[in-house]
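Multiple structures are listed underneath, in structure tokens.
Below, chain A partners chain B and then partners chain C, in two separate complexes.
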Partner chain A sequence: MGIISRGFGGRRREPQPGLPPGQYLTHDFPVLSAGPTPRIPLDKWNFSIVTETGEKHSWNWAEFTALPAEEFTVDIHCVTKWSKFGTTWKGVALDTLFEDVESAADYTMAHSYGGYTTNVPLDDLLDGKAWVVYEFDGEPLHPEHGGPARLIVPHLYFWKSAKWVNGLQMLNDDEPGFWETGGYHMYGDPWREQRYQGD
Partner chain B sequence: MMELDGNALAGDLREVFATDMTGAVFTCAGCAHTGVLATLRVWQPAPGLVGRCPHCTDVVLRLVRTPTRVFLTLTGATRLELPLEP
Partner chain C sequence: MKNRISWRVATVTAARWETSSARTLVLDVPDWPGHLPGQHIDVRLTAEDGYSAQRSYSIASAWSAEAGSPDAGTVELTVQRLDDGEVSPYLTDVVEPGDRIELRGPVGGWFVWREKQTAPVLLIAGGSGVVPLMSMIRARGLARGRQPFRLIYSVRTPEDAAYADELRRRVREDPGLDVHFVYTRKTPDGWPAPPKRIDVATINSHGWPPDFQPDCYVCGPTAFVETAADILVALGHDPKRVRTERFGGA
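Let's turn to the complex of A and B:
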């Protein structure tokens, strides 16, 4: 062992650049699930954006994977306190998906196969801040990690990066999703430690 | 009849919530299935406990612990039924 681990023995860790308050670094990729893992055949897969007026923009798997894709590397932060640096994904930027969407709504609810939901303001999805990804580390995204496709919003706690995502509903008012209803924070900024309602 | 505030519930709620709840009968809001809480399928190392209906897999309850609080969300249950001590 070449490195003496700081903070061993319960002493408070020194702040590490890139690590939000209260988080520790992991090299694993823990799997957290609130239910059974849905298995979605690619020929049944669909992703849609539905505006507040009910206008629907929809992509099947072939259409979706034909869109311009980006490969990017980001740090991710789970509310259960692990962070993982330098994760590499490939997918479609939300900016691309919203190109032809006319909407005046400021909020969205992400919906997933299996019934999971999470709310994210529209501003947090645009300007290169979020993607719908279908590859992790150069491989097709495994169902346990949210495949065929999941949302990635790396600047918010990872529960906002909905696994098995299949759509976004535009909303005029912010509404709580699955964990937000259960006591978690409406916004979830790891740098402000917005873990729970009232934080 | 007179209208009271929630303090009037104190005694009855203490009776409900200070007992072992695993024998309480839930009614699932999704499919109207009834069963004791002990029969829920619980998913655990999630950000909280998620209890799903054994019949339709809808979420019946969520329990989130923080260092200082506990949130119990029961939107998936239309009713809880408990036997009274004789």
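Let's turn to the complex of A and C:
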């Protein structure tokens, strides 16, 4: 336990089961982005998985939205300390996207329009743990929140849920993405409070 | 950044109000490793029963390793009070010099300005988004940087402008720094235009032409940042040179 802050604690919020350490609950939907919001016309949109051997699996918007989709509700946790409970999304499970992908690689790098990258181990994308979504709360996903489509990996800090995602590169070795290069944690488990390198 | 970013106990050595709702805390942090302007720190407060809360705050000060420098070894945070907040009202209204708080950092390597960047700089601040941009202005001053800086600072009223006196002084003393205020609700007496929000004309007139390839930093509430960043891109600025930091939520 840290040092006591004299007189602190009077305005605390109700304890919340489901809130990872160091997080607080918000009902807004804050936005964290490193640059301007890219606008991607749907007829230019594409998503691809490229394996470590260079084999490419690719979907345009029509193909992607024709895939079996799931609606699901999850809690999300941002490394900047806010958490939001019960967010409802619709999109394609990564299990579906990986059905025909042959790969022995254990890691992936998510790539986004605008140049953002973030690394996620393959195991964290499969078995119903991650999706590429295109609806939030029954509406098309707004560009500010990552539309047309973003990755959702709810069990990791939300920077891993790459906005404007356009592909996954399979990697034999784990490599840091955008924030990870800047000192954020390679894995980012909110329940172990893995915010920064060394946490 | 390879080592663990560990918690340190900082002592508040001074505090001052920047506006009626924003207060600067001057912190003495033992063994502070130094920071780059634009970086932030995490603050952790702990109640007597062990309950604790963390928040991130941008650093307002520049940092110098030189002993004798007015900024040597201290870290300043400017905290905007959020009325429904849990941590910010404590930092603005309860903490006094002599109190100790825990913090760790510095954190963040993207929304930063480095002395070695030679491009002109455009800073666009909405409200308390000025804090990390002020750190950049101060760092440039400390380093006697020759890179020309322009700040466009949007506030609701003249009374909401933090650092107003210091900015005026710096502009007077430094031909390489320009500051333009945008007032959204109330202008000062004699201001030539009615209140307005930041728009294309503002950024076109008071920013840099895209040809100059300036490094742009935009910080403020989400809607403000979206607007300003979209305008920069529409004016022809390379999105990769537009760095943003958005405040949102509670």
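List of remarks:
The criterion applied here is as follows: the second predicted complex is superposed on the first by the 184 of 199 C-alpha atoms of A that agree within 3 Å, B and C clash if a C-alpha of one lies under 4 Å from a C-alpha of the other, contacts with A are read in each partner's own complex, and residues count from 1 in each chain.
In this section, a residue touches a chain if its C-beta (ideal position, glycine included) is under 8 Å from a C-beta of that chain, and two chains touch if they have at least 3 such contacts.
Source: prediction; values computed, not measured.
Of the two partner chains placed around the shared chain by superposition, chain B is the only one that A:W159 touches, whereas chain C remains out of contact.
Judged by the number of chain A residues each one touches, C leads among chain B and chain C.
Contacts of A:T26 after superposition: chain C is touched, whereas chain B is not reached. When the two structures are aligned on the shared chain, A:E144 is found in touch with chain C, with no touch to chain B. In the superposed model, A:T80 lies in contact with both chain B and chain C.
In the superposed pair of complexes, A:T53 makes contact with neither chain B nor chain C.
Once the two complexes are laid over each other on the shared chain, residue contacts for A:P38 go to chain C alone; chain B is not touched.
Common to the chain B and chain C interfaces on chain A are residues 30, 32-36, 80, 115, 178-179, 181-183, 195-197.
By the touch criterion stated above, chain A contacts chain C in their complex at residues 1-9, 11-13, 22, 24, 26-38, 80-82, 114-115, 144, 178-179, 181-183, 195-199. The residues of chain B lying in touch with chain A in their complex are 43, 45-48, 50, 52, 57-59, 62-64, 66, 69, 71, 73, 75. Listing the residues of chain A that touch chain B in their complex gives 30, 32-36, 79-80, 115, 159, 178-179, 181-184, 195-197. Residues 1-5, 7, 9, 42, 44-56, 85-86, 89-90, 94-95, 99-102, 107-111, 222, 226, 229-230, 232-233, 239-240, 242-244, 246-250 of chain C are the ones that touch chain A when the two sit in their complex.
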